[in-house]
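Each chain gets a letter, A, B, C and D, in the order it is written, and its residues are counted from 1.
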Amino acid sequence: MKRKKSGLWLFAVVLSLVLAVGSAWAQETIKVGVVGPRTGSAAATGKAFEEGIKLGTDYVNAKGGVLGKKLEIVFEDTAGAPDKAASGFERLVTRDKVVMVLGESVSSSALAEIEVADRFKVPFIVVEAWADPITAKGYKYVFRAGPCNSGVVSETIAKWVVAEKFKRAFIVAETSDWGLGIAELSKSALTKAGVQFEAMTTERESKDHYTELNKIKAFDPDVVLAYIYGSGLHYFVAQAGEVKLTPKAIILDGAGPPSLWPDFWKNVGDYGNLECFVSSMHEKVELTKLATEYREAYQKAFGTPPTDYKSRSIFDSILIAADAINRAGSTDADKLVDALEKTSLLVTRGTVKFGTEKGGTEYHQWMPPMLVIQWQNKEQVVLYPPEAATGKLMR
Amino acid sequence: MTDRRFFVILFVAVGLLSLLPLGLGVYHLHVMIVSLFYVMMASSWNLLAGYTGQVSFAHAAFAGIGAYTSGILAAKFGLNPWIGVFIGTILAALIGLGMGILCLRMGGIYLSLTTLGFSEILRIVITNEYEITRGTMGLQVPGLVADYSKPAYFYIMLGGAMLTLIVLYKLIYSDIGLNFRAVQNDERAAASLGVDVVRMRVLAFTVSSALAGMAGGLYGHYLLLITPEIPSLDQQFLVLSMTVIGGMGSFLGPIIGAISLEIFSEYIRAYGEYHVLVFGLVALVVARFAPNGLMGLAEHRLRGRRKASRTVSAAAG
Amino acid sequence: MTLLEGRGLSKRFGGVTALDQVSFSVEEGTIVALIGPNGAGKTTLFNLVAGALKPDAGQILFAGEEITGLTANVTCRRGLARTFQVTRPFATMTCLENVAVAVVNSPRSRANGTWRLSAHECLKAVGLGDLAHIEARHLNVVQKKRLEIARALATRPKLLMLDEVLGGLNTQEIGQAVDFIRSLRDEHHLTVFWIEHVMGAIMQAAEKIIVLDQGRRLMEGSPEEVVKDSRVIQAYLGD
Amino acid sequence: MFALAGMNGLVIGAIYALAALGVSLVVGIMNVINFAHGELYILAGYFSYLFANAFGMNFALAMTLAVALVFLFGLLIEYTLIRPTYGNDMYSLILTFILSIVLQNAYLLIFGPYPNKPPNWVGGSTLILGSFYYGNQRLAALIAGSAVITLVFLVIKKTWFGRIIRATSQDREMAELNGVNTKRLNMLSFGLGCALAAAAGVILAPIFPVTPTAGVPVALTAFVVVVLGGMGSLWGCVIGGLIIGLVENFGAAYISTAYKQVFSFIILILVLLSRPSGLFGRREA
């Protein structure tokens, strides 16, 4: 009896599918996709992205949009998971027919996405995924307007460790493309600088770090380079205080945003004091007029000053994309790549210029300047680089 | 009820479906390919839950075993992915057999909890052995066809789904299938009639694990990226919901459930972060108020009148 | 010849002793009844024999071989079939399928032809021939009891264990049922081991009656001996 | 390191035991596994966070209120989802599995992805045995956890309600014959099971802030403890919880941090191979 209807059912399914096909609307806007984690453990970054997207589209459309049309951003949640990232990216390209994709903050996701970008030949500007191979693979359609691991380590973290005269360091890294990659780079940089160190890996989702922290404490480091993203970092910092690893040792949050998330202080309590983190944004260190405009626009739109610098990073990338589309005069992928390669645009973090020499991380890479900031009595004090410093390291 | 009718319907359906690549764009073809993966997963899970009354939470884990076995062999040792999928299927079957023997003696809830534990162990191992599996970073694997093509993958998945359904049909509509259903209805009564309950369960568990392994292997080589998402509890949730909403214990239910829910979830994705919530709520309502799923509802409507007359004659007899 | 024999069977549940050192025997080709007040341990004894439970002590022999502790499906394959006091039909399967389960698993009925035919015969034998394609959940209580007997018969047993199959029948139907059970013994050479509350039926049909009370064997003997025994009367009526 | 692992094992073990008690109670009486146990644990954490941080309540009051609300929510779940499927334990498993995913996503929607942390009861840390510093909040959690476990045991062993619970989990039919209203008892014990999850949640939330999916590992471990200790055995929960807590922490200290959960699963499998009904389980189900 059941199988008698099966033909009918399947026919209905097939029919409904065929009907669903004819859904190509006339384009009145130019669509650009943004990928980022809006759910999962890195979801806070997606929220920052959404804020940046709102400000970015308003900014671009207020200045006349792109190619005479309005710029429309389609956001796709990648949930911090590479598989969702790849399928989400593909969906943007095949379903939403976006001309370009921006975003991503999770390296492993970005590494999956660049394969799709390459397969479908869609320009992709990575914003906040730091793993070196993203650009080092040398894909024609892949750009990065944001930090890369090697840049952050060699320009900022290693130099800061040397400048502060730390003698012993401990590297804790989550097992992700970002964490493992930046840990390796840190090891070789510290070796070169003659700083003694030990290293271990941890899980991003891990909540109980007591055992690990006591192992670290036994090494008696001056500084702990913590490459843990998400709330895992909060547990790490709070428990480091409980086992009295800090304040003798200084913790550096090697990613940044988790130390700026709204609940940081609630989760870490007083143990958050003196913690250091990497960031590209500080109120008193605004390199361009646009950066100040951005802060004011953000304050106006959301009622608070911006905290997570990743909202500004995506804002910048929207400006870069709009600029490239306008200069290319078309949405053709190859023309867009040409235009992107010739980019010279002032954004909030400085002037964007992509490297064009193949064969390394520098290819299609623009590295914004990064800061090391310390929480001193809940005030952000810039420690590094020296020309931007607003104070000294407190211990 | 006859074999012939099943095969006629199957081949007509497959024939119709194989025309899809002519009319569908890349995106919709992708949705169909994923649907076919879920058809395989939900149908083979249904063999367990619907036909022998065992709720396994490791079905996605077995898909993961298939995917990772084949993926690692292909990515690290350069083995032909087709052979990899085959080995993955066999390995899933063997692990299923071992686990079945280990815990099926203890019955219902133990199986559920052991499978839950197993999938958690698998997740931890995959995440931690990132030097081999690349953990949450995802393992990039070669494809089943040299030049990436959606229609080619569509036909491969269609073939996989067809194979799965034939195996399931042959099993369910045989003496063994009769025993499965007896076990699901009432273990003790089944045992009293000579049914070896443990053996039936182990058999169902092994076959269903093998089919999940195959589905996972094929799917991994379609995605070209294998992540712990394939063997995750979230994936398990999708498979379970599709089966429950489609209709547990009916042959067609999981097929309808898988295809319609995959399409549905693609549409509600527009609501962004709410889509899992919506999906879950629908599943909850259906599971609570229509325990036989869509198929149960459809059957109820279609059969209502006929059944009424029969029940009367039954009472008279 | 003794077909079934129990020696010193004991079974405890938690702190409660359900059976205490019970020995009994069922001779081939006879109808033996097992009676006793509620909670006497009758069904527990059945469960031990059929392999649904394992005894704490004692031995069970069937056709000369020890079957103590064998699981239900094995005892069934050896030729021991039972019905349940509270019927346990496969609710979502048709009557025919219910019986077919027994047929396909029986090493004895497998050989002779297709199971559908054989299953049909069993259904017809209990008068459910017309309801073959009805799902078992639609049956009434009496029909469900008949279905249980049909299933048990379909296993082609040597020993048929019936657990209160007459409940809910009227006098006329009881008479028919007793005739049917007798015919099983007479025409199909079955041995019947029978728990029953309907004393009249037992008096008519049984050759031997075993009386249990509070987990102990009170006595065994012919129907006439049992009704006269003061201990039995006391057990049923109380002090 | 040895003393630290032991101390950690005790604290975590006590919380596992508490979470598992709730599961075990429900299994013993209703033969239902509540898959959403971990999500109720998290819910209590959110409530106590909400009341203490957003409404500025005293933390003890916030915790009590949180547990009470989760208890009521448990009653509601029993009434709407469990009762209709009663007797089909597989189906209730499926329903609560779906419920757990729904709740996780509802939390994400309502509370966001950020970890939420109720205030600590006490600050600072104490030097233990002169060898390591241990957070005072964790010590407080150990005391609170042990206190609740003791309370549960007193209720079960000494009160009239406890006697009914014991009787019913021994022999359901007998209890029904003796006039126990099993419908109401089911509802009550399900609520109580949820309240125990909630108690574990409010005690642990200041140490491990709650996130939408943080309940999954807690529930998993609680299930492991219940199976290890023996379905329905309350002593089994306590001993099982402590064993799992200690095994995990010693394993983490001496073998591998990442594999600490795997150790408990391995112990579980070993126990089940030799004693299928768990450490304290009754052999005859």
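Methods note: a residue touches a chain if its C-beta (ideal position, glycine included) is under 8 Å from a C-beta of that chain, and two chains touch if they have at least 3 such contacts.
Only a predicted model underlies this, so the values are computations on that prediction, with no experimental measurement involved.
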| item | value |
| --- | --- |
| Chain of greatest Cα-centre distance to chain B | C |
| Pair joined by more contacting C-beta pairs (B-C or A-B) | A-B |
| Length of the line joining the C-alpha centres of chain B and chain C, rounded to whole Å | 41 |
| Distance between chain centroids, defined by C-alpha means - chain A, chain C (Å) | 73 |
| Cα-centroid distance, chain C relative to chain D, in whole angstrom | 46 |
| Chain centre separation (chain A, chain B; CA means) in Å | 36 |
| Residue list for chain B, restricted to those that touch at least two other chains | 127-128, 273, 276 |
| Residue numbers of chain D (touch at least two other chains) | 108, 258 |
| In the complex with chain B, residue positions of chain D that touch it | 27, 31, 33, 80-81, 84-85, 89-91, 93-95, 97-99, 101-102, 105-106, 108-109, 216, 220, 223-224, 227, 231, 256, 258-259, 261-262, 265, 268-269, 272-273, 276 |
| Residue ranges of chain A touching chain D (in the complex, touch as defined) | 39-41, 43-44, 47, 201-203, 206-208, 210-212, 214-215, 231, 234-235, 239, 242-244, 261-263, 266-267, 269-270 |
| In the complex, chain C residues that touch chain B | 50-52, 71-73, 76-77, 81-82, 84, 88-93, 97-98, 100-102, 104-106, 115, 128, 130-131, 134, 138-140, 143, 151-152, 154-155 |
| Of chain A, residues touching chain B in the complex | 1-7, 9-11, 13-14, 16-18, 20-21, 38-39, 75, 77, 81-84, 86-87, 90-91, 94-95, 107-108, 111-112, 115, 119, 175-177, 180, 203-204 |
| Sites on chain B touched by chain A in the complex | 1, 5-6, 9, 12-13, 16-17, 20, 23-28, 30, 32, 127-128, 130, 135-138, 140, 148, 223-225, 227, 229-230, 250-252, 255-256, 259-260, 263, 269, 272-273, 276, 295, 298-299, 302-303 |
